[in-house]
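Down below are the structures I want you to see.
Both of the next two complexes hold chain A, though its partner changes from chain B to chain C.
Up next, the complex of A and B:
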């Protein structure tokens, strides 16, 4: 399947399905199929924010994980700027995931600098490594350069969230499209930290032209941040629009 | 901070040694019979000779007197005399300790060298065919007593006629196989737990995979319980090989210890137990040092 790409490049998801197989019990060999996602289609122009809302178990996180390459879809196509993310397996260079608990997604034994350099371990590109500046990455996320030598476990909740965003940005290729998926990442934060994070994300979107996919069950947050909202229920998108 | 830790550890060692030595003395005193028990049955041995021997060996002293005089002489570096060999215990034990360590250290290194990569492989292929095969092998090894493994080793030695008693290969193999299932289980369990943490998923999301993911990200994060387990394996260096040494005729501490217990060779038994306690302290200390080296959070605290 070939997707014609308009400029600016966009994310295109076609017929995405994800089925889990579970075994009923230790004694039974009968396997149960759970259809977490059943034929999801999405189009997302670059620089926009899409919020996927829905109740727990509606399949919104599964869609996000498939786009980020954390899960292999059962069927369907995910295209970004004319390249298939499913077959090329290079999702992590263009799509990054900020987890529900940003603090827990940081290795507690790493220093802040190590955490920022971690994504570059996979790149093995010396020129990209030499170009990377820890201080610059920290400053971009609103963190002081002095935290670079501290352990991630020593940071406050707000600082951990900022670091998780900074690390996701460090992992993204500077050239080409960049999508940041925030999986309930803002929901566990207290109000002041959350407001600071929203400001940071809006600011980053303006400066770097980032595309956001916001996974949330908070309709007011979705309405505040998103250009478009998709409502999911039982593995399918049931409603879509600028306001739902 | 490190000085305070060392001081605390030293106090622990002193308390441990005092407790274990006192307990050993009490147990040996409570055990029926003594070194001259056999001699008493000998009709050629007169009561006067027996009394003189009891005096010579200090067997007529009370428990407290025995214990205090042992502590006093141990502080001077004299750990008592073996009644059976009529030699200072230190002279008897040291060459045996060297032999035992030759076995147990080699088995320790070998078992860890196998357990870590195999545990990583098993955890990485969780619920796959490799993991299942390793799981079955672990269960089989766990269910096999060291005694059976040692008998099997004897059978191999007899059949092949290639291993004489001075050859350490078979006892090392038996000891390593005996230790392997526990180590392998712990390595696998620690890694599986860490692999399901959000930071491991985040590392995968960053495209880190294979050897880099398991050895650079996850193994260090799973190292804490393994460092403690390593300390425990060092702690068991003297005592773990007892049975294997006796069965395979290895001239280590094991056969001497068994012989000393049977003969009620008082100081030889006490000093062998204390040697084991010394290794326990060294093992715990090494485990702590490893934790300190491996976990930056502990260094920061």
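Up next, the complex of A and C:
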């Protein structure tokens, strides 16, 4: 990919590999190596959307998990705005995940406000906690302030999806670059909910300059959302471009 | 072959009644693929399970469903057991949850044959083997696998094998491609269509994705909040929809990429809001709060289905039933 000269690349992945060690079967001692990702390079300018498409098992989710700091890469470098995400271990402040089936990743016994505050409690940042406004976070995701005291299990599917985005944004450090990884988070949604989510994500990107990495197997969704599409197969990027 | 008349399903939940499906009337003709299109919570699966009387005790059924001369709503449990799986079969949504994890797939298919015939164990297995080959699982190793050793697409094929092994005349498939990627999805749809064509069976395909129906359905029925709001031939409903909900839903479908990259404006004409709660469905048209074309009368009464051309529409924009 050509590096866009006007804006410095916000995210830069160099030679990323990830090898899993797994047992051949439940009872065998023999361990085998699975090369899930074999040397992936990516450049993603801030404010852009990259779609990673590929069949199940092609390694696309592993790449995303390494970028988000949920997995330690076997080798390779991940840089965000000039800082290494691998060695500093601060990925969660700048990269957040919205998982497949956003509703299922919410604790049904939490109120909406608790769900939003939980990631801030987890990082124990009192300064961020004091600056945080639940109402503002809800409004940003297009939710009425009145839902703050409801249990997450009482929300509709569309509201849960919005809350998952609001929570991911709450966990990000407001200063500095912000990347949301959408791991198949739009694919199992009802069409009308998905359309609302697409509009929300587009608005947020325009307003806040968010960077998106969209993991999907839906080519039409990738074409609709992404500035660039990378096709993965067997752990490597086999094709990339503005459309594939 | 199947004539459903004013079918309704109501769940009793505490003190309130939830009318999950209401006033459903439709027919399915021999050899036809009918799509039931609707979003989560619109009552699609409940309708299908209601037809087979497989709903929990808290569900109350009313209305009529006549299948080849048998009134399903009044049939005895013994009659229903002869029909289910053999004459009307069901392909459930979640392949992994619907298969027994500790039984080889060939035995799970042959168990269906055993339940409905007097064949010997060997003959049942032979039938199971033949039908597994028909759905594209053609090696002994695959037949002897346990569900967790198969891919999602392969598991879906096992469920389809179970559904067709007794040569039913109606197959009801509930989101058969829900958990699959685009390639396997296409393969499963092609397989389903060719199998029902070979058997001369009808297929009722339940889905939330209009693209799936565009590929294989003859007729489409659109459900919203427990009611069929529009039905007609596939080309009419999917290409020239009349009901405001169907029109809105189809605008949310992303076009196939044509190599032009992302559109300049990525906003979609979304239907705002969400489905009404079944406990508090407004007295008028259930879609009225989200509808761009609402009329003053939509709040007061619920529109009954009227005929517009050959499409049935439950919307006052297309007139009232006299």
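Following the convention adopted for this analysis, the second predicted complex is superposed on the first by the 233 of 244 C-alpha atoms of A that agree within 3 Å, B and C clash if a C-alpha of one lies under 4 Å from a C-alpha of the other, contacts with A are read in each partner's own complex, and residues count from 1 in each chain.
FYI, a contact is a pair of C-beta atoms (placed from the backbone, for glycine too) under 8 Å apart; a residue touches a chain by one contact, two chains touch by 3 or more.
What you see is a predicted model, and the numbers here were worked out from it, not measured in a lab.
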item	value
Overlay on chain A: chain C relative to chain B, clash or fit	fit
Which of chain B and chain C A:158 touches, first, second, both or neither	second
First (chain B), second (chain C), both or neither touched by A:48	neither
Touching partner for A:223 - first (chain B), second (chain C), both, neither	second
First, second, both or neither for A:61, with chain B first and chain C second	neither
Chain B versus chain C as contact partner of A:70, first or second or both or neither	first
Touching partner for A:140 - first (chain B), second (chain C), both, neither	neither
Which superposed partner A:211 touches (first chain B, second chain C, both, neither)	neither
Partner chain in contact with A:10 - chain B first, chain C second, else both or neither	neither
After fitting on chain A: smallest Cα gap, chain B-chain C, Å	10
Touching residues (chain side chain B, partner chain A) in the complex	197-199, 201-209, 212, 216-217, 220-221, 295-297, 300
Residue numbers on chain C that touch chain A, as the complex places them	39-41, 151-152, 178, 181-183, 208-210, 248-249, 251-257, 259-263, 266-272, 274-275
Chain C-touching residues of chain A, taken from the complex the two chains share	49, 55-56, 156-159, 188, 190-196, 198-199, 202, 217-227, 242-243
Of chain A, residues touching chain B in the complex	68-70, 90, 92-93, 96-97, 99-101, 104-109, 111, 118-119, 121-123, 151, 153-154, 164, 167, 171
